[in-house]
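Have a look at the structure below, then the notes.
Order of writing sets the chain letters: A, B and C. Residues in each chain are counted from 1.
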């Protein structure tokens, strides 16, 4: 319980809303590219922003999930929808800025998701896994609804899961050694954020299977 | 609790079963078009008919969900599977009739989903959102399983979400002003139903993003 | 409760881990074919192996689900990922062996899923349905994440659902007539296993809709 109060509630809430907003922007932008109407944009913004946390809350038994009890969490993706609806050429143009915010959201959600799962009694490994799921789950749902192969799984994309795994793992190590404080939590967020930025800057990629045969046998 | 008894239980159950049946028909028809076998038809019929309510029940913590406690809810999509399996050319021919029933199901599920969510203690906005999810969730799952872009999100389809949003919003307004009765509930169902029929008749569509660029940058 | 102890706990756990391992192999192999990176392979292995049981546990209210409380369940798909990552041409070459193990996993999960659902108070039909979902759910999620039409639904694949349905139905019949023992449970597993092997050997398929028109009207 104390764990959930890493930061003061208002600081935590502000951080959450920022993460939700940037994830919603990424969902709304994909919806525009896929030619969806304004309701499709709003649905994809909501799912991208809230899907990961919703999955985590269902798994840990935190029902109704935060996505349905906090009006700010619900309204924020609608604001992102409005921004993208009217300004999407400008948002596309500052795509790099969006990606930087998305990296921040990735770090924030990995850390807060891990912390919340642990505070509901899950083990360290399970908590880190749910932190990862909180951070990347919305993006996977976004791509599934848009009928695309999830960007998370593709080898030709810069590392995305690894920074979240590092951030979540740092949190469980801090918990294990009784060193989780707002400062160390912040450190984990920053580490995930910086790793993701470096992955984008230097195009770090994860390896594909050893001796990958070139033939694709699936039709 | 009292809210769940808007209509007499047997009337409510009959309305639910009608909604389940027509949604199941739409799932089974898509399965036939996708060339699925009879088990694939049954799976898609079940998912389309029960998926929205299943999602709502997991979110509000109503476990096991109604889809798994009411045998009639489970058997009805199997009947729809049989009907489509043997009579699908005829069902296709009366596609317009199916769409009219689907519009009725949309209204019924939006209203009953909103009411059930509120009776489990959710707020007004969250209840309306879950009413919408109850009404459209099954169709989204149907399209995802069939590996298609969800019809709900596409701009080139007649309005589908808006009638459900209107019906669900009417319910929460009636709740807010203490005016929810079988009569006003029925009014919300009818309003959603008529709006959907009008959207089909006059091909109402929602706008796409402002100044939509024609280039599609996704591969 | 007693029902959950069909086999001694260690035997049950060993059977579960075997089922998880072979399902994870099938997920990892598809990920390699789809050209995913090593993290994508791990994600698809985890989802394929644990997705069906996760769905069942959410529906019956067993939270946190076993997938997040048993470290062995979580680690096993990572081992399968390593095996496929380094040895996938060899694993592909023994594809028939993998399919035989997959058939065993299908039978094990159908029976253990049905038993667990019943022990949580669900009815006989709902329990059998959840047994089927436990057995086939992971494979459906695997195909959805890989952006393919679920193999389960396609008519041009050998029977997969029917053996699981038979196994799950045998369990509920044994429960109904008070004859569920380790022996009869094992019989249900073997029956599902043998039926699936026969379906592969003789290419049994389920029928498509009656008088299937050849035109596919979906774009």
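Throughout what follows, contacts are C-beta pairs under 8 Å (C-beta built on N, C-alpha and C of every residue); 3 or more make two chains touch, one makes a residue touch a chain.
Please read all numbers here as calculations on a predicted model, not as lab measurements.
With rounding to the nearest 5, the Cα superposition of subunit B on subunit C corresponds to a rotation angle of 120 degrees. Look at the contact of subunit A with subunit B and you find different residues on each copy: under half of the numbers used there are shared. Centroid to centroid, with C-alpha atoms defining each point, subunit A and subunit B lie 29 Å apart. Along subunit C, residues 58, 144, 147-148 each make contact with two or more other chains.
Residues 58-61, 120-123, 125-126, 129-130, 140, 144, 147-150, 152-155, 161-162, 205-213, 216-218 of subunit A touch subunit C in their complex. Within the complex formed with subunit C, the residues of subunit B that make contact are 30-41, 43-44, 54, 58, 63-65, 68-69, 71, 74, 84-89, 144-148.
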